[in-house]
């Protein structure tokens, strides 16, 4: 199995309004360093998994609506606990949709799976990995 | 598959008394930077894999009896080659037991697997990954 | 010149309400990985610059009132642009005061300078370095 | 499943003569930081996956013919697009052959899989993971 | 003293045609991860050393003519040993000129010094630090 | 001012027999990732601060007598508290002596200063920087 992984980042504000989260119930924020890995069984004609430039571009476009935002104020996250894990899946869904729609080129449609990792501090990170149906 | 990974560290002394290990047969030591990843198929009600604070706490408690110790002098390691690989499994067993016993909260019992990685230098690391029966 | 540098981290929310900051005028947030370096010309009797445990403890106590907070809502930052650079100096002042007051032990009073570095993403960081009068 | 991962590096020149690669069609180059992970289900008699010294030695020998070379000028890569992904597989094949031939010791023959990761910048990396038949 | 440091990267090809460089006399290449730190004694009205976005932009424009190039073929480097150290100074000169010309805004003219660091592998890096006259 | 910095590493055992060190009074150990930076005002004829290969070689020879050793058992450290800070200075002295004796080539004698940094965990490091008289 081959893979290619690219990195971008966002800075967001949010709160986690459930007693479960203790002090993180406050409005606070995070820098998320975001790694997205694309997997495929065999390489394309050009010996790549996916065009790295296109991958970085898709990732950048995916993150743009979140960057420098207060997630609590975004309609798509109304009533949602926007944990790091949730955001991994949110970004996975957007990148997967972009791949299926051809944003990574025709070859992007042959990907087998995608993994999204969000580093929230030097000590903690979350990930979501799923197949590209 | 979702995952959350947290980090802690220990500084230990030990020797590896088997000719296989060459100079590492001497009493020497290591800093192990320890990453523990918890995996689950679906998120909990609070949109998490596991409470990161609880995960860091369980990891800290697991490492405490090893930190600043000479492993050669600990009864539980008598006659054991305490390689980095062995310690990965040792820490895995302790964290898995903690998860099963509820130390990560009720949700910790729904974890599917755990991976423990020990970085011993900037050039070498070992890991153990296993299912949580 | 000897130095010892220790690391901790905070997650905060804030806005930067000046047109200079473009999209960062929004309420957003950041993870700051914080490194504090202590310098002295000669080592103490125990061959250290400062007790690393005490240094980590002072850093942790300094960061606690900021962690998981919305800086815009804290009285001490009313009307202040809480940039990364500003926060470096704010943390420097608190750590320097702690050193002068003996929180790092008697030896902490012999320090010559302190440097505080805040990493805000993988691509950007700020620092403040000053003498300990 | 146990694993051990070791690191080495090469600096190479090459071009990617296909319009797909845009500016990378030029003769340029890269530093590849190379991680090779070895996996096995159970540890050897000495409680290891593989001798780390031997693993570093095999990796170093594998990389030597590539280091400080212009890949375009090497006969084995004539007409080949030497992408990061391709080089992952090339190094995988060489390390796998070394393992099968006993270069990692008799125990090296019991490995189940190998993963080769090449970091090309701080933002991008590729990997190949395969079974050791 | 305050500072802000930003990061970008290039992939280049070159040779070092002097027996001093042994195997690096060959056409080969490197990824340089480039950190540029800007220093000033007091913060601007907006509590910054320099606008991070402008700093990243200046760095990107400075690196663009080098990225994906064979340095041996560039007229400005004819007959020059393009070592990592030399490139640090080359980039320093370009960034310093941009700062003096106002590319970092009026505030950029008040900078006291600049430091350019090039990481060539995980084990080696070079830097040049100089005053901004 | 130009600099070049190279990296190597050691794994050692030791104890710190003074009540000041709390649990670190036990025989334990550490991995030290060691960075040595060499500084000079102007580059040599070959546009370098120092030959990186020679620098790595000098560092490796300096560390060899310490690697995989119990520092408590080495005669040169009898009665010494072998703290991270102390070891920085110990390595500084050895590298400086090597530079003065020509081990870095004739150009090594023109160095102005050297800095030795020892990373003991992901959260703590010490350094010593001094002039090369």
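As written, the chains take the letters A, B, C, D, E and F, and residue 1 is the first residue of each chain.
Just so it is clear, a contact is a pair of C-beta atoms (placed from the backbone, for glycine too) under 8 Å apart; a residue touches a chain by one contact, two chains touch by 3 or more.
Remember, predicted model here, so these are calculated numbers, not experimental data.
Shared contact partners of chain D and chain E do not exist in this assembly. For the pair chain A and chain E, chains touching both partners: C, D. Repeated interface: E-F and one of D-E, B-F or C-E share more than half of their contact pairs by residue number, and that pair is C-E.
Comparing the contact residues of chain C and chain E by number shows a mostly separate set, under half of all numbers used being common to the two copies.
Taking the CA centroid of chain E as reference, the farthest chain centroid is that of B. The mean-CA centres of chain B and chain C are about 31 angstrom from one another, to the nearest whole unit. Centroids of chain B and chain E (each the mean of its C-alpha atoms) stand 41 Å apart. Annotation: 27 Å between the Cα-based centres of chain A and chain B.
Annotation for chain B: residues touching 2 or more other chains are 7, 122-123. Checking each pair of chains for touch leaves A-B, A-C, A-D, B-D, B-F, C-E, C-F, D-E, E-F. The touching residues of chain A, counted against chain C in their complex, run 7, 9, 11-14, 23-24, 26-33, 67-70, 73, 120-123. Chain C makes touch with chain E in their complex at residues 18, 20-22, 80-86, 88-89, 122-130.
Residues 1-8, 43, 46-49, 51-53, 56 of chain C are the ones that touch chain F when the two sit in their complex.
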